[in-house]
Amino acid sequence: MTHYYNGFPQSDRDEKLDMVNVDELEERVKQVMPEGAYYYIASGSENEWTWRNNTAAFNHYQIIPRALTNMDNPSTETEFMGMKLKTPIMISPIACHGIAHMDAEVATQKGAAAAGALFASSTYANKSVEDIAAAAPDAPRFFQLYLSKDWEFNRMVFDAIKKAGYKGIFLTVDALISGYREANLRTNFTYPVPLDFFTRYLGGKGEGQSVAQMYASSAQKIGPDDVRRIKEESGLPVIVKGVMCAEDAYLAIGAGADGVYVTNHGGREVDTAPATIDVLPEVVKAVNHRVPVIFDSGVRRGSHIFKALAMGADLVGIGRPYLYGLALGGAKGVQSVIEELNEELIINMQLTGCKTIEDVKHARIDHIRYTADN
Amino acid sequence: MTHYYNGFPQSDRDEKLDMVNVDELEERVKQVMPEGAYYYIASGSENEWTWRNNTAAFNHYQIIPRALTNMDNPSTETEFMGMKLKTPIMISPIACHGIAHMDAEVATQKGAAAAGALFASSTYANKSVEDIAAAAPDAPRFFQLYLSKDWEFNRMVFDAIKKAGYKGIFLTVDALISGYREANLRTNFTYPVPLDFFTRYLGGKGEGQSVAQMYASSAQKIGPDDVRRIKEESGLPVIVKGVMCAEDAYLAIGAGADGVYVTNHGGREVDTAPATIDVLPEVVKAVNHRVPVIFDSGVRRGSHIFKALAMGADLVGIGRPYLYGLALGGAKGVQSVIEELNEELIINMQLTGCKTIEDVKHARIDHIRYTADN
Amino acid sequence: MTHYYNGFPQSDRDEKLDMVNVDELEERVKQVMPEGAYYYIASGSENEWTWRNNTAAFNHYQIIPRALTNMDNPSTETEFMGMKLKTPIMISPIACHGIAHMDAEVATQKGAAAAGALFASSTYANKSVEDIAAAAPDAPRFFQLYLSKDWEFNRMVFDAIKKAGYKGIFLTVDALISGYREANLRTNFTYPVPLDFFTRYLGGKGEGQSVAQMYASSAQKIGPDDVRRIKEESGLPVIVKGVMCAEDAYLAIGAGADGVYVTNHGGREVDTAPATIDVLPEVVKAVNHRVPVIFDSGVRRGSHIFKALAMGADLVGIGRPYLYGLALGGAKGVQSVIEELNEELIINMQLTGCKTIEDVKHARIDHIRYTADN
Amino acid sequence: MTHYYNGFPQSDRDEKLDMVNVDELEERVKQVMPEGAYYYIASGSENEWTWRNNTAAFNHYQIIPRALTNMDNPSTETEFMGMKLKTPIMISPIACHGIAHMDAEVATQKGAAAAGALFASSTYANKSVEDIAAAAPDAPRFFQLYLSKDWEFNRMVFDAIKKAGYKGIFLTVDALISGYREANLRTNFTYPVPLDFFTRYLGGKGEGQSVAQMYASSAQKIGPDDVRRIKEESGLPVIVKGVMCAEDAYLAIGAGADGVYVTNHGGREVDTAPATIDVLPEVVKAVNHRVPVIFDSGVRRGSHIFKALAMGADLVGIGRPYLYGLALGGAKGVQSVIEELNEELIINMQLTGCKTIEDVKHARIDHIRYTADN
């Protein structure tokens, strides 16, 4: 953390990370990042029940090792909406990567591209979509949209991302206001680095805003008509992000969504919402292969990715772990995190006889219902 | 705690409280309140299993976040038995608010009225019902009745509360003797401030009595005929407080009760009684909309209130949290506690697409059965 | 602990005990009793899973508080096989009360009689059955039999107990060898005080024997024919102690048993045997009112006694708690323990509308299945 | 640890061990063994969930004590594929016993033979199969095979074990690559002592290799045809080791396997694989007595062995405990561990009325579903 933006320290590193698992990065980041920024990342809402259970609930499901499988050298290559990817691991959108690194989303995009993973950048990115695209021109990327109440702003965004070659939109509908995040209240957290789209639209900087203020500028009232309008005005596929039940999967598909994204925003919105892995089967059943399903929240292990795929997800996003990688190692740190998880995934594939990601999607998962804390 | 009644320190504050959640008030009160009084509040009976599980069991139920809800600005206004309320949060009856504040129930009533919440004062209040009523003449209030063996006493009470404009009676039937509260035994707790109705009836003061002694003066033997007699003699609606199963919901309604109140007295009576949230569905089904349902015990979060409403309650009472608010901030402290919880409730409403309290009553709650300690 | 038998310290007290609950006695006894003796009592077999769960499993069951019950002044009087008892609490047999008190079983019998509870003395008692009987001539008592391989010994026992007015026999069949009790191995525990029946039969003293040695002298091979022979030779009712499943309830009744006794020997025999409260319903259903059912293991609260009765037991035994009472207060200590638990039982009866023990047997118990550690 | 091999300390003891249970050996080994070697043994893969739950899950099942059983002196003798054994406890294969003792598998074989237990030595043994066989010429033994990619190597192995009188082969199919064992990564563990089969085949020594390197030389791609080829080329019975579901039991039997071996490699391969005891019933049902079933992973108690047998296993393997015994007491230490567990098994047999191992296989086990941590 040797670079400073207006007094806020940012990492300037670009190096591979030595790690045994991605969990251990959290403690290392805690040592170097300002407290408010650290807890902005490393916390959930209210009592953080959902935050904790997103990860713990993976233990509700057991992977069955398989015998006499007659295969070796499994491959994690996959295809998603026409994009060829080296891994089903996706970089989930997070606001303001500048709290971790001076190169912010530009570095993240480089790291994701090096690892062959899909990158989704946020409406609240520090870096411009043009700079992000320039960081890895041939890599596929998606855009996460916080719809604004102001459609002039929305149109500016659509124009920019289309020109920058983004492949589609994740429309966030699960975080229309900020969840009750106590850590932010305790530290009086505000975004320390300006957010590009706000800077260019407002002529101001967008920094120094609290999370609640940011949310206030975006639309709370979003319905099926908005999905249709965004598709029409942007000309891009729209995936609805924040689907946690069958009803809303139907609603999204009925509204023309090109995919559904199962997430509870990493446990940062409704506390005591179910863990995402516990609702994934219901959503997958409702979707019934009509559109792709993306999954995130709580993923920290290759076995978590394996389970989400085996239970019906097409891509599995990670959040906090890559931001820790970014803070500690820049683009190469992000790449290290993805590759660590991908390596763990490959081991699980070999030991369950899955040669391809398609095989993983048909792997047997049991639900013996151990208690969550085991 | 700068005012003293016969050597017992009472708060004289009247100020808004800065808090991130209501749980953190408990520790702050522990620092300033005499030990016996503190543990009189902050304890349950026997091994305190029910006390702990009242709160923990809310985690048995999950709130499903909803997508594409097309709404904003949810409102917590509600109506209960003809009373317009700003919030479904109710101030549950607790004896002897003077252990927390020199203005006792008068301050609590002011705070509740400021927050637009229904206030229920206890038979064992320190302040007179006339003074309580004068504190907020236009605010609605209920009276919690410990029926006396002495009907002359009961009639005195009925007359007084009717004249003071109380809207109805909560007839306590779940605490006809004191539960086995070890904390009170350990500290030899006695009420340090006289209780108005005893003072005026006995000509004595009512202070210096143990909890067990207080209970001894009230009736242990209460049946359906008593409900009918209280209704007749008071001319007020009677809601039976302490219904924990379908059988007793039928019994109460059969006896003419105007409502049922699901509570286990905050875990202070039968230890290993179920958590109230776990029996609420059974009672609600038995009641079948014939009369309103009130709920309390263990409520510490907006999400708890959301769940109780979604599972069939019409009003949701809080107890210990507001008494902590009273001890730390007087009337404004009580108001702060209610508003904090109401704010948390509003966030949950927005994120689940509930524009009104009526919408909350139809929200989807799942019962994935995590272990209680998660 | 001011009296010494051959260097082993024994209590000589006879005083009422001040306690808030019986659990707190354990720590007090630990301070005064030699380590080997203390852990002989306060331990179970193997990993002590059953020992811990005997108590914890009571939390699997919830007591439903009842409303509008129209009763007061509940009574714990009950009748068992023609004996009038003031309480359904029974003093379960334990060997060698002399590890706790110089008056051993004589003091225990006095305390039990004062509290109106049935006392069962062990084959391995230090005091003679004549002295025990003389301590409370009018009180009812049972005899716990470790059947010897030597029928001459057995006949001596039958003669003695019949003459001493014992009302019946508990035939132990769940402890035919010692469970794997690690505490005894660690402390090299041996009985420090001679056991009367061995002294009189062997002419020796019976002291200085390990638990495993004691078991070696008793019969391991006991079948239905032994039940018939004991009944015939003793002329007394025989209750089979150690029935943990329906199959064995049928077997015992088929063999002519006059009752079944559900126990796992306080978690001292088969580790990971179920908690007794978890198997009680199966046994009760199999017995189907043909003979009485006795229950013990893990009882520490009035609510535990309430649950065992409500789930079908006729008497509920306590073990370790009364031995702690004996060590700390002699006869009056035993009485204090029984009365403390009986008082807790009475509170539960009032709050659930149970006027009599017969009412308790029809009380509603729920099985919401909280985790055992809540 | 007074002998050194190239600077690596090895035990040279040969003495009976005093122990109360086998768990306590782990701490004693930790004091004397180099850290890398210790954690190579005492760890699992990823978050070690499966490693912990292999043992904890035995508590999902309850042993029912039995009454009036009319038996004594139970015997643990059993027969397996024509071999007479004094105990159903088996010595599961573990690589490189030289990390524990200078005599490595030779000592283990002596200890196993003394206790009358079947010994299975690993492809990665330090000692030659000829030396192992010479250590106890009349004792039965099996060979655990890591199939090599190089069939010349495999044939060398088959020849050697046949000449050395091995009775059959456990074909490992659950560990075709190393699980993600973080402890080994943290300590940079490599095998400190050469492995005989590699030494003789390669002319080199085989020491100084990491676990991942060792696995690289063995075949990852193993299918039903390999089972048939191994049977044909070796002329020995082949039991497939690593069957965790019904599907693979059918697959193995279809491929001609002479038995199935339920194991998850002691929690060292797929983390969050189910505990073996939780999948045993499914495999046993699929096998339907067509071939024998072997079980291991997590066994630390006589009650665990009892449960595995009662739930359908024919032999029950132990791993880490005997290696600890080897490190602390050599051959006699191994014997002590087996005899300690066998003694615990005998106590459970007496208390459940099981005279023989065949009786154990028909004992009643309940599945009350306590939480795993109770």
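Brief remarks on what is shown
Going in written order, the chains are labelled A, B, C and D, and every chain counts its residues from 1.
Quick note on the criterion: a contact is a pair of C-beta atoms (placed from the backbone, for glycine too) under 8 Å apart; a residue touches a chain by one contact, two chains touch by 3 or more.
The structure displayed is predicted, hence computed values, not measured ones.
Common neighbours of chain A and chain B under the contact definition above are absent. The greatest centre-to-centre distance from chain C, using averaged C-alpha positions, is reached by A. Under half of the residue numbers at the interface between copies chain C and chain D are found on both sides, making the touching surfaces mostly different.
As a whole-number value, the distance joining the C-alpha centres of chain B and chain D reads 60 Å.
Centre-to-centre, using mean CA coordinates, chain B is 43 Å away from chain C. Those residues of chain B in touch with two or more other chains are numbered 371, 373.
Across the complex, chain B is touched by residues 46-47, 49, 52-53, 56-57, 173-174, 176-180, 182, 185-186, 220-227, 240, 242-245, 247-248, 251-252, 255, 264, 269-274, 278-279, 371-373 of chain A. The touching residues of chain B, when paired with chain A in their complex, are 20-21, 58-59, 61-73, 301-303, 307, 344, 347-348, 350-352, 364, 366, 368, 370-371, 373-374.
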